[in-house]
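In what follows, subunit A forms one complex with subunit B and a second complex with subunit C.
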Partner chain A sequence: MLGFILRRLVSVAFTFIAVSIIIFLMMHAVPGGPFDANDMPVSEAVRAKMMAQLGLDQPLYVQYLRYMWGVMQFDFGVPYQSPGESVLQLLSRAWVPSLVLGGLGVLIGAPLGILLGMAAALNRNSWIDYLASAVATIGLTIPVFVTSMLLILVFAVWLKWLPASGWPHPERWILPIIAYAAIPVATYARYTRSAMLDTMSRPFVTVLRAKGLSEQRIVFQHVLRNSAIPLVTVFLPMFIGTATGSIFVEAMFRIPGLGAYFVSSIETRDYPLEMALMLMITFMYCIAYLLSDIVYALINPRIRVGGAE
Partner chain B sequence: MSLVEIEDLRVSFRQYGGAVDAVRGVSFTVNEGESLGIVGESGSGKSVSCAALLRLLPPTAEVSATTLRLDGIDVAKAGKDDLVRLRGRAAAMIFQDPMTAFDPVFTIGHQIAETIQAHRNSSARDARKEAEDLLQRVEIKNASDVLDYYPHQLSGGMLQRAMIAMALSCRPKVLIADEPTTALDVTIQAQILQLIKKVQAEFGMALIMITHDLGVIAETVDRVLVMYRGEVMEQGPVQQIFDTPQHDYTKQLLASLHARFEPSRGSDSDTPALELKGLAKAYRIRRRRGLFNEYVDFHAVQEINLALPKNRIVAIVGESGSGKTTTGMMAMRLTDASSGQILVDGHDISNLSPEALKPWRRRMQVVFQDSYSALDPMMTLAQIIAEPLHIHGVGSPREQTETALSWLDRVGLDRSFANRYPHELSGGQRQRVAIARALVLEPTVLVADEPTSALDVTVKAQIIGLLKKLQAEMGLSMLFISHDLSTVKSLTDSVVVMYRGRVVEEAPTERIFSDPQHPYTRALLEAVPVTNPRDKRSRNFLSAEEIEARTPRLTVLQTGVAPHSKPQLVAIAPGHRVEAYVTN
Partner chain C sequence: MHILPKLVGALAVATALTLPALAQTTIVAPGQSTTGTYMDYMKTVYDRATFAELLQVPIATFDKEFELTPMAAESWSQSEDGLTWTFKLREGLVWSDGEPLTAEDYVFALQRAATSGYDFAWYWDFAGGIKGWKEVTEGTADVSTLGLTAVDDLTIEVTTTAPKPYLPSVTSLWYPVPKHKVDELGDDWALNVDTIVSSGPFEIESWEKSNNAVVFTKSDTYTGPWQAQIDRLEVDPSLGAPEVGLPAYLAGDTDYSFLNTGQVPVAMAAEPDGIRKNAVFATSYISYDLESEPFNNVDVRRAFYHAIDREELTSTVLKDIAIPAGSILPPGYPGYNPDVVAQATFDPEQAKQFLADAGYPNGEGFPEIEIWIREEGGYNGAIIPAMAQYIQAELKEILGITVNIRQLPGADWMDGLRGAKNNIFIAPYEYDYLDPSNFYGIFFNGGRHNYFVPEYDALVAKADAESDWDTRYALYAEAEQVMIDQGLIVPLVHPITTAIISGELGGEASTPNALGFTPLDRLGHYFFTHLTK
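Here is the complex of A and B:
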């Protein structure tokens, strides 16, 4: 196991370096730059001075190495769009709302989805099964900005139960959390239902019944544990995908989160911020998949314990 | 009062477009300590009847019966508590495939202990101790280690033993064994059957043995129930059923045990139709060693020499993992060999390019074990049979269809089947289509890889008969791969026995049966179930080490070959070779 983790950490490091090079090259391959004439009408001399100040007149590889050297010391530079703070300060400020709302969305949505999927699998072809299918289909097919708009329309405009938008008051969190939870609920309801049905059709479940175990024990100990294997592996990647914010949800509910910066950093050619965001996402996904693999091995003895007598 | 009382049991399954009757009016009883065998082919309702007894049928099943009692409990009215008593304590079950019968994520010990705790107030510690005792009673030597093993770490035979231990854990009054040995090798089957008889006597249980195999019936039970299409054809003491069967179906079943052997005609030609010279297959296995990988060769097949004479049938027999299928696939060039030559009619085809190989493909065809996955489900039978003609450009499309239709006749299917799809056929009918597809190109060599092992006994006999008939008509040379010596007895001219990737013995069929030399061949023969309950006996089983130790020892004088530290194949009679140590 330790060998496995070490090997994976080495491959994470390689992935990280490879991705950083690719992103850096792609970022600079797009024509134009941060100080283009139509965005920023300054004289040629001023532009040259600004470029030199930011190191943008250097050859690409020097820029890359300089940036990565900084990264290794946790210095991600200063965002061009907000020069009063460092990239790190900007991220830690903007990430909080995204992490809270998106994270809570997944943490609430995933268990709900699991419960719904279980209820559907245990009562196949009943109304709850159809409900689960409907929720799964709706959750996965309707775009999140439509859901958000509907939520605002129904709960804020018509019923006037909840405020439509804003931050930081907790009662304003409810609607965005529901919007974020739609996908985890749908995904987990679908995964859980099919995993449980698949497990329950396996011969060993008949054996468990034949030896006199109660139905509860069969479902909660045996079926659930076998079905959990695929469920666990999708959790962390989903968490990261949601907890880094969605530009749509954050725009709809006017949340000062991270989502908007993914777009604005590219639009305004904010190289340091763009790089930092991409590296952060890459790193988190690498770690998430590593952890998923470890958990997968822990709950699946066929991986944990080698074969053969 | 009997332990099991079933009267006029009817089971039907609701399906799209109506109900299917699986059991129609079955009645039988089982007394304490008695052994009842239920024999019948797939779909005869034998398993469904017993599943109904424990209420294990899916919700789509509709069950009705005048009486359905187990250990005095009315099964239809049983509540939650009664069910716990019925399942495990009144009756325990063992199932067909031990590999899928255990929950893969819990240890064997946990699964046995949880059964004990479901029925009795027992501490985890006591339950575990008892599980260990039970494992010892089913003759598992390293019982304390096996407790902590996960199912995937054990072989099929060991798992079936553990399954029996689990069934015994609540001291059931009746043990229901549903095809307990069908998924196992012949040698393992014999051991498991003997074990079931032993524990039945020790625990004083009744036994219901459900099987399609009359040999298993002859070995294990006192009384037999013959089922066919959901009805009981006849029942009686086992000896009476074997000696004076009343019903046609029973007679047919028994006849399949005693097929006569007629040798194939052979040919004057000395060149074998197919010859394998030093054919070997090694797989590279990657092993983890710390941070690095280490590669080890696993020899699935070790340098095999084998000749298939023209117009003859040769069997390759061996247990799963012996390399017999790999050998057949290499001979067909469907698996790449690591080394060695494949000679078809004297021509080496082992290094031909795919284009150069194509004309040879016409001359060598193959039939697989699982006819369902071997036939394209989207093609009609006529298309399936005509496809080889199309691939090799034989005749016009019209002629191809005509040939396909005539082949339907030849394999005993009606021409009206031409536009049907594989899923509309039974297993035996599908295998007939697979045979027609293989032979439509009129090949000279046919490799048949366990073509009958997925089939019911009577169907199996029909397919063997068909292969034999077509072989004689076409002068085919056939390599028949099987795990079961009794299947090849009525079909093949000679037998090659494979064991752990090597040929250990090779002889004409009668000689293999009358004068086996290698300990493994003997073990295989010893394990074949008897064909009459009168002949049943207790058996001794050899471990792998004992087989190795009993390898024949011959001298240079006896064999005329040079001595060697490793065993080698030596001729001891015309056509009879055996693996032996040769010393001075």
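Here is the complex of A and C:
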């Protein structure tokens, strides 16, 4: 197991370096620079001075090595669109709302989805099953900005139960959390239903029934555990995707989160921030898959990480 | 017996008198950009933090009738030869930290702009015409050679390269920078609420950098004209998108919101008294790379000029959001000339004839072209993509020309325009100061289009320096005639913005001007200081 983890960590390091090179090259391949976006041209002299200040006059490989040297010391530079703070400071302030709302969305949505999927699987072809598929289909097909707008329209504008948008007060969190939860509920309902139905048709369940075990014990102790693999596979990537903020949800609900920076860093050629965001996401996904693999082994002894050791 | 009613009456009067004094009036307003770097207009215009200019007092500014009103300046005068302007500042103006506001702070603001990066260098070179500006921004002359002097604490002298009769209106974008703060902290003074100082009608209370939301409060120290009549102003740029703003408005979270095309009829039906329209002083037009095929041929450009049906365009796809443009100048703008506008006719026969004269009868042999448009937010975001598709269909139908549309991010589009990486563009432009030289300047001696048309440049230069206003306007009209004769641009439309405002808002700024328009935050200083609730 330890050997497996170490080998995986080495491969994470290689992935990290490969991604950093690709992102860096792509980022600089996009025409224009941080001072080209505006209607009024900056004079050449001033522009050259600013480019030199940011080190952008150096050859690309020098810029890359310099940046990565900084990264190794946890220095991701200063974001061009927010001078006066470091990239890390920006991330740590902007991530809070995204993590709270997106994170709660998944943490609330996933168990709800599992319950819904279980109810559907145990009552196959009943109205509960149909309702669950309807919920799952709607949750997955309606884009989140439409869900958000509908939520605001119904609960804030028509019923006036909740505020439409805004961040600091927890009563303003409810609608965005629901918007975020839609996808985890739908995804988990579908995965749980199909995984459970698949497990329940296996011979060992028949054996358990023949042994006279109660249906409850069969479901909770055996079926659910054996159906857990796909649920574990989706969880961490989904959590990362949601808890780093959706630009749509954050724009609709006026949340000062991380989501918009993924787009604005590209638009404004904010190289340090763009690199940091991409490296962060890469790193988190690598770790997420590694953790998922370890969890597989824990919940299902038939899976042994590290092959045929 | 009679004492009770009296007591009650006295109590009622007392309550009525104290309540407004106790109650804080807060206005929540949409902002414009969810990102912003410095809370300092004179450091960066385009990337400035939300309404940074509200913190500072300009030399002069415009009221809702577009009359120029002195702000920090008490008066100004022009020398005999027209080259030197003297601005007298009001006494007693201070920074919010108690330091006196002096002529030096204004001079320093422009000296720094010229030397250390500022996306409005062009403005002070062309519009201001400040002596030595070009040399200093290009790095070939020292900043001390600029035609700017703080004669004493309250007197600023500006020397221009040629007479600039409209210079006072240019000073509406001239804000002071606290030199004492820059000496202490450098440009970083404008990054932190704790170190930001203000000189204008508002102070800053907080700044949320993740969405550029800012809370302003009425200044305790500002003694100049136009004091704020509200206590707090909360500006949230996330409300700037009508899709977010209108629901928030309906839920009572903001005091006004801008509307998109689809929302206009709904809002008009719901709250007809709350609707405010504004003709933005802005124009969208087609521009070309004049050097390259096929647009180096004047007949091709003339054909395009007559091939656009602006009336149909603005009554169908752009209904409620734009009006036809026959000139680069919008209606109501100084120098607007109906004779110029009348020439921008939709004339398919003439357009076809021009194209045939250019050697492309019925579009035969004409290359497939790609028109570049810029990704836009705000009013342009609603207008430009729809308009591009309309033009695409019309050029095909009338001239037999195949047009593709390519939308580019701002930086790439600008790069393409300046570097002549494409040959045809749709370009929007909104005024910066109230004088025809502003709009004609964008094509002057390179400008933002790399246009070098000697005949045009000569007329514009002459008009700029002319001190007789009728003669000036006539010269600008002649310059625009050159644009028409050479088909330099195709004026398309002027945008109209629509907003819905709460019935709770009052004050002069909440009602339309003589032209029937309400400029709202387009005239920030006027609007937020003449608004009550």
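By our rule, the second predicted complex is superposed on the first by the 300 of 309 C-alpha atoms of A that agree within 3 Å, B and C clash if a C-alpha of one lies under 4 Å from a C-alpha of the other, contacts with A are read in each partner's own complex, and residues count from 1 in each chain.
Going forward, a residue touches a chain if its C-beta (ideal position, glycine included) is under 8 Å from a C-beta of that chain, and two chains touch if they have at least 3 such contacts.
None of these values were measured; they are calculated from a predicted model.
**Q** Pick one for A:212: touches subunit B only (first), subunit C only (second), both, or neither.
**A** first
**Q** Looking at the overlay, does A:3 come into contact with subunit B only (first), subunit C only (second), both, or neither?
**A** In the superposition, A:3 contacts subunit B only.
**Q** Based on the superposed arrangement, let me know which partner A:256 touches: subunit B (first), subunit C (second), both, or neither?
**A** The answer is second: A:256 touches subunit C but not subunit B.
**Q** Please work out whether A:70 is in contact with subunit B alone, subunit C alone, both, or neither, and reply first, second, both or neither.
**A** Neither: A:70 stays clear of subunit B and subunit C.
**Q** Which partner chains sit in contact with A:202 here, subunit B, subunit C, both or neither? Use first/second/both/neither.
**A** first
**Q** Going by the contact rule stated at the top, is it subunit B or subunit C that touches a larger number of residues on subunit A?
**A** C
**Q** Kindly classify A:157 by the partners it touches after superposition: subunit B alone (first), subunit C alone (second), both, or neither?
**A** In the superposition, A:157 contacts subunit C only.
**Q** Once bound in the complex, which stretches of subunit B touch subunit A?
**A** Residues 54, 56, 80, 83-89, 92-93, 95, 97, 100-107, 114-115, 118-119, 149-150, 152-155, 158, 163, 166-167, 170, 288, 290-291 of subunit B touch subunit A in their complex.
**Q** What residues of subunit C sit close enough to touch subunit A in their complex?
**A** Checking each residue of subunit C against subunit A gives 34-35, 37-38, 45-47, 115-123, 137-139, 188, 191-192, 208-211, 213, 236, 238-239, 241, 243-244, 247-248, 250-251, 253, 409-412, 414-415, 418, 429, 448.
**Q** List the residues on subunit A that touch subunit B in their complex, please.
**A** Touch list, subunit A to subunit B: 3, 6-7, 202-204, 206-214, 217, 222, 225-226, 229, 299-302, 305, 307-309.
**Q** Which subunit A residues qualify as touching subunit C in the complex?
**A** Contact set of subunit A toward subunit C: 30-33, 35-47, 49-50, 80-85, 90, 93-94, 97, 149, 152-153, 156-157, 160, 163-166, 251-252, 254-258, 260, 264, 267-269.
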